Each structure stands twice: as structure tokens, then as C-alpha cells.
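Residue numbering begins at 1 within each chain, and the chains themselves are lettered A, B, C and D in the order written.
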Amino acid sequence: MTAVQDVVSTIRTLRREVAELHTELTRNRLVVWTAGNVSARVPGRDLLVIKPSGVPYDGLTEDLMVVTDLEGGLVDGEHLPSSDTAAHAYVYRHLPEVGGVVHTHSTYACAWAALGRPVPCVLTMMADEFGGDIPIGPFARIGDDSIGRGIVETLRDSRSRAVIMQNHGPFTVGRDAREAVKAAVMCEDVARTTYLAMQLGDPIRIPDDDIHALFDRYQNVYGQH
Amino acid sequence: MTAVQDVVSTIRTLRREVAELHTELTRNRLVVWTAGNVSARVPGRDLLVIKPSGVPYDGLTEDLMVVTDLEGGLVDGEHLPSSDTAAHAYVYRHLPEVGGVVHTHSTYACAWAALGRPVPCVLTMMADEFGGDIPIGPFARIGDDSIGRGIVETLRDSRSRAVIMQNHGPFTVGRDAREAVKAAVMCEDVARTTYLAMQLGDPIRIPDDDIHALFDRYQNVYGQH
Amino acid sequence: MTAVQDVVSTIRTLRREVAELHTELTRNRLVVWTAGNVSARVPGRDLLVIKPSGVPYDGLTEDLMVVTDLEGGLVDGEHLPSSDTAAHAYVYRHLPEVGGVVHTHSTYACAWAALGRPVPCVLTMMADEFGGDIPIGPFARIGDDSIGRGIVETLRDSRSRAVIMQNHGPFTVGRDAREAVKAAVMCEDVARTTYLAMQLGDPIRIPDDDIHALFDRYQNVYGQH
Amino acid sequence: MTAVQDVVSTIRTLRREVAELHTELTRNRLVVWTAGNVSARVPGRDLLVIKPSGVPYDGLTEDLMVVTDLEGGLVDGEHLPSSDTAAHAYVYRHLPEVGGVVHTHSTYACAWAALGRPVPCVLTMMADEFGGDIPIGPFARIGDDSIGRGIVETLRDSRSRAVIMQNHGPFTVGRDAREAVKAAVMCEDVARTTYLAMQLGDPIRIPDDDIHALFDRYQNVYGQH
């Protein structure tokens, strides 16, 4: 198989994976209407696969997915790419270890976004997945590089796979798109539980050395190998 | 095709669309039992298509939809029109750019209704969709023009597609019924997130010039063209 | 058809209706596991049809329904009647206009139950359906007539179709079982919205004369005739 | 049938039951992604059946279930056992009357976990099922016996079938796996209702002698016999 056939085949697979992963966003109630998107990097190419703009989640088939370059320029697809493509592309340009990006407006993460406060690490599940607090990124207008820059600068100072952009909502990353979707699901889950605990009293912080031990075990031991 | 055949065909299409859009109300959990309704204006005619009164959402087929004039008088249909028809009709009479109206008793919008307080604009999604706060309309008894008048007077002073009537619930409008349904979904979503943020602290308001920039971009650029 | 055939046919119909109405309890998320039940009076007979005790909602077919007399004694059925049968039977004995009773442990109604506070009338939907506040009934142990007595004494002083028993949960009544189920759905809905409004501030009470006008219109005009 | 055939048949049945019971966890929204698990003791053998580690709930067939000894060592299965197996095994070793164990990260129970406060008994449903408050277990790192020890020491001092481990989440037990799943469902339900009541005011505690009477009746009389 030639290198060209190879990338064609890879893109076909990624189109299907990215399309299917959007069902996890609706199933986990992370999105309403069309407001959320998943993308995947095409490994070894300056390309990404992403949801089209303004299209409902029902019937979001692989054919509708859009391929762009890492500046967000349309490469392949019959629809316009998501209006958040510039942010996704910026992340791939500046964080080479990232293979998947997810953006949602999930409810509790957005409540933290409106407050501009990081989610404190008071649950072992949060230590496992995020290795500490979920940080807040800066306020940024939509449409230029300022969102992407805010994501990258915030994640560089953190072990977290999630950043909550102020007044906006969460962006999550992973080694692939599935891992980024998992981080989006877990981000909303811990944003909700932590929010609820803070409403009733003062949640107990997990000591830093326990957070480190939990994170290390989960990232290196958990799951099937 | 004659003009008469034309309007018959248009009404048939609108009956189907209005019937189908009610499934978005249940899917997005905006309504319980029979308490919510969608209508559409028949373009170029003093007619509207609306849900029948007191009929469950299951099996709400196009045949059950009701056609009335813009005073709410029955024109075609085997059931009585929704008890909210007078309010819908008033909106169509006084706001010629409106092609669709939706009324629900969605939970968080109704909590704001009971408080009589506008929903503050602390989320980019809210700036995008509503261009600022979601305003509160006056308290009004059901059954005469006072609800319709309250909706129209409130929306005229606002860019918002949603108004929350005090002690009652949200009404939303759009260029067509689908856009009004989208506004109803987004209204509940931002009413919930904003509510949650206010429970935990002081959400950060988005500066007015950023709201204007977000609203302008979203209304003019977003989606497929 | 003989009178005996007639009552056999009526009971068969009621078994099916009561069985089917339990799906509304799960669909509206009013119950978990087996903790909730619907009953119907057999018109003109000192009999009722009710859910069996401790049976899951899946596969709750008409054959499993139980017929008892109005003291709760088993008349027909292969299972024991619901452990709440004594309370249902007491209501039918003392409120002859009641044809259906529903009991749930729905979340927000139970939060009010734990507080022992009536739900204040701050929504037009609540004025429509309940004609004012939803009252609180006394604390009562399960197993004798004290629950039934608490329900009846509380409802006699109210226009409400719902009473929330302290530390326990809501009971609702109707002219038939379907109306009682509707009241259970609406009770939870307004218990939730009112709760949420009270968390954020002071909800605006609807003036008494407006409550009366709304209740009168809704009970006498709304729906299909 | 030989004793060996007998245990093979029992394990096959338990694999199916344990696999199916995981659908109750998702149906009742007690878990997200892969974060929750059910196990069952193999009666009369030092063996247990448990969910594999890191496998999604969809398509969690009986073939994927794992059999371990009561030290958590793999006995049969093609996947690694749940990373919580050590805690389950510890419970079976030290509480011989326990035949099923469930662990979730259900939302409201986890909010109490973050606060480190027991859930107070303010609902008759809670007196019925748990016989009093739901206790809090100590903070413990994941990976050794400290979680199992915390569960056992806490449950020994209580009639409750649920313990909420601080900063972590609930573990529940039962005479079989189904009873432990029911306890997990009820634990989240009362954790939520009690939480909501405490947000709005001071819930009324049920007097101790009423708790005892309710618990005794429910454990000995309720359900089909």
C-alpha cells in the first residue's frame, strides 16, 4: 500500500471514530443542540478530522466529518468545519503529544466557567484522572487564536487533561480522541460532585502526596494491558 | 398550482414540522405531561398552526395539529387549540418578523420566573444566542391578551429571542418554529448553568462590547450557509 | 350481560390501566426500584386494584395486579398487595369522590417532606393544578391506619390533589387513576421548581384572587371536551 | 452431578447475574464511563465473580466476567479483574454473611464523601433500608487492604448496608449481589433527597424508636414471601 493510500485509509477510520464519539457526548448529556465537538489529529500529517459546523448530533455520519489543515483551512469535506476549529488546530500545533481534543458546554463545568474558579481536588476519581485541580483558562473571544492560546498556556502548567475556559466551557485533550472524550465525561462528573459538596459545606482536600500516588497508579496500572 | 393548492400544501408541511418539533421538547426535558406547545405562522396568511389542548406528547401526529386565525379562532382541526393560543396569536399579530413561537414550563427558566429576575449574561453561549440578559415579562393571568402583550412589550426592548414571564415560564420566538425551539432549548440550558453559578458565588459578567462581538459573529457567521 | 360479568370486565380494564400507568411513574422518574404504586377504585364496589408488593416495574403486567377490599384484604391476585394498600384503602373509604390514588418517593417532594414544610404557590402551573400550596401531612408510622388518616385529614382542608406526608413522601388523588398520576407528575415538577427558586432568593407569591381565577379556569375550561 | 460440575454451573449463573446487574448501575445513573463494579461471592467456595477492569458497560457480557480467589488472585477469565477487587475480596473474607458487594461513584453519595459527613436519617425510606444514618468510612489510598479494612470496620458498627468512603464513594453489601445493587440505588436516592433538604433548611430527624420500628417491619415483612 502506498503512503497516499495509507493516509486515505487512516482518515477514513478517523472519520468514523470521530463521528461515533459524538454519541458519547449526547449519551452523557454533555451537549445540547449542536454546541460541542470532537476532533482527532491525523498521525504524522498536519491534518485533523472534526465535526461540521451547526449540524445536529442525530445522523452525524462519517461522511459529514470535515478534514482541515492545522491552521483550520478546509482540506476535505462538503460542510464548513466547526466554528471551534481554530482552537482545536492551535492545540495540535503547539502540543505534539495531543491526538484528540473535545469541547463541550457541559452544565457544571460551565457553572465553574462563569465563576472563573478552578475545580478543587476533593475526590479520588479526580486525583486519578486529572492529577489535581482542573484549572481555569482566560476569557477569550471566539474566532481568533486567543482561545487556543489560552488552552495551551493553561494546560502546560498542569497535569490536567481538562481546562475550563472562563465564561465559556471545558476543553479536554488526550493521546487520542477517545481519551479526550473520557476526560470530558469525567470533567463534568467531578465538576458536578465537587460543586454539590461545596454547596453544603467545606469539602476535605486530598493531601498532595496522596494525589500524586493516586494519579501515578491510575495512569500506569489501571485498565487492561 | 393554484394559490389555494399552495396554501393547503404549506399548511400540510407546517402541520408535520410543528408536530415533529414537539419531540424536541420532550427529548430536551422542557415539558411534563401536556404543558408546552409549539406554533408556526403560515407565511403570507393570517393563520397559524399549533398543538391541540391537553393532548399527550406521545402520538402527537400532524393530523391532530390545529389551524387558527390570528385571533385564535379555530379554522381547521378536530381538536380545540392549545389554551395558550391567544398568546401565540398576539405575538404573530404584533411582531411580523416572527415565524415561530414556543412555550414551555422548563424547570430552571421557571425558577427564574418565580423569582421575577432576569437571567444575567455570564456565558459566551448566552451572548451568542440571546445577545445579553434574558428579560422577565410581567405577571399576567391566562386567558386574555395580557400574556401576549407582556411578551411583545418585553421582546421589543431586547435582542433576546426568549422572555420569561413572571410566575409562569418562558416564551421564545424565531424566524421559524425550529429557531424558536432552539431558543427554548438554549434558554433552559443557560437558565440552569447561570442559576448554578449564582448558587456558589458571583459569576463574572461578560463585558458589553464582548457580548456585542459574540452576538454579531454568531448571528452572522455560525452554521452552514 | 349480568352484573357479575360487568364487574369482571371492569376489573379487567382497571388491571390493565393501573399496570400501564406505572410506566408513567418510571418515565417521569418519580420512583426507584419498587418504591411507588398506583391504585384505582372499582366503581360502585368496595374494591380496589393495586400494584403487588416488592415487584420491579419492568414487566408489571395486568395479571400481576392485585384486587383487595377497602380494608386491604386480598380478594383476587397471586401476589401480596403493596405494603401501602392500607393507606390507599383508607382514602377510598373516607373520600368517596376519589377514584385513584398514587404514592411515590419522588425526589423534590421528599425533600419538602424531610423539612415538613408546605410547597408555596409561586407558579401559575401550581395554581392551575393544585389551587394553592401543597400541604404537609403528619408524620405517621407505616403499617396501620395512621398514614391514611393523615392523608384524608390534610386533603379535607385543601383544594390540593396532593399531600406530602412528613419524612415520607407524596400521596396524590384524582377522580380516576390517570388524574392521580398526573397530579403526582405535577407535584414533583412544582416541588422542584419552587425548591430551586427558594434556593436563590424569595419567590414572588401569586395573589390569592389570581390563584382562584387560575384554578377555576383550569379545572373548568382546559383540555378537550 | 459432581461437586465440580456443581461449582462450574454456579459460577456460570453468577457470571450472568453479575453481568446483568451492571445494567442497573447505568439505568439508575450510578456510574459514568467504567467507574463502578458489582461482585458476587461463590457460595461455599473462597471465590468471587467480578467485573473486568476498564471495560465499558455496553456489551459487558458474562464471558468477560472474571473469577478470583478471596485474595484477589486471578482464577478464571481473559481480562484483569476490576482494580477494586482487593476491597471486594477483603469484605468477603471478613464478613461471611455478605454475598454481594457493589462500588459506584454515584453523584450525591460522592458529595457526602467529599464532605466526610454521614447521611442523616430523615426519611422513612432510609429507616426502612438502612436502619439509620449512612456512615462515613475513613480516607484510604487505592491499591492495598486499607479500603477493605475501612469498609468492614465501619459496617461492623452499623445496621447499614452502605458505607460512604471519605473522598471516594459508596460501597454497599447484601446477602446477594442483587440486594447490594438495590442498596446502591437506594443509597444514592436518599443521599440526594437528604442533601436537597439540608440545602433549604433543617430536616426533621425521625425519632430512634420510629427508625427501629420501620427497619424491623421492612426487613421482616415487606415484599413477596
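Here is the rule we use: a residue touches a chain if its C-beta (ideal position, glycine included) is under 8 Å from a C-beta of that chain, and two chains touch if they have at least 3 such contacts.
Remember, it's a predicted structure, so these values are computed and weren't measured experimentally.
S.K.: Same or different: do the copies subunit A and subunit B touch each other through matching residue numbers, with over half of them shared?
M.R.: Different, since most residue numbers here occur in only one copy.
S.K.: Which chain maximises the distance between its CA centroid and that of subunit C?
M.R.: The chain lying farthest from subunit C is A.
S.K.: Fitting the CA atoms of subunit C to subunit D, what rotation angle results, rounded to the nearest 5 degrees?
M.R.: It works out to 90 degrees.
S.K.: At what distance in angstrom does the C-alpha mean of subunit B lie from that of subunit A?
M.R.: The mean C-alpha positions of subunit A and subunit B differ by 32 Å.
S.K.: Roughly how far is subunit B from subunit D, centre to centre by C-alpha average, rounded to an integer in Å?
M.R.: 45
S.K.: Indicate the residues of subunit D shared as contacts by at least two other chains.
M.R.: 199, in rising order.
S.K.: Line, ring, star, complete or other: which describes how these chains touch one another?
M.R.: Its topology is that of a ring.
S.K.: Can you list the residues on subunit C that touch subunit B in the complex?
M.R.: Residue list for subunit C touching subunit B: 28, 122-125, 128, 182, 185-186, 189, 192-194, 196-197, 199-204, 206, 210, 213-214, 217-218, 221-225.
S.K.: Which residues of subunit C touch subunit D once you look at their complex with the stated criterion?
M.R.: 32-33, 35, 52-55, 79-80, 83, 105, 107-108, 110-117, 139, 141-143, 166-169, 195, 198-199
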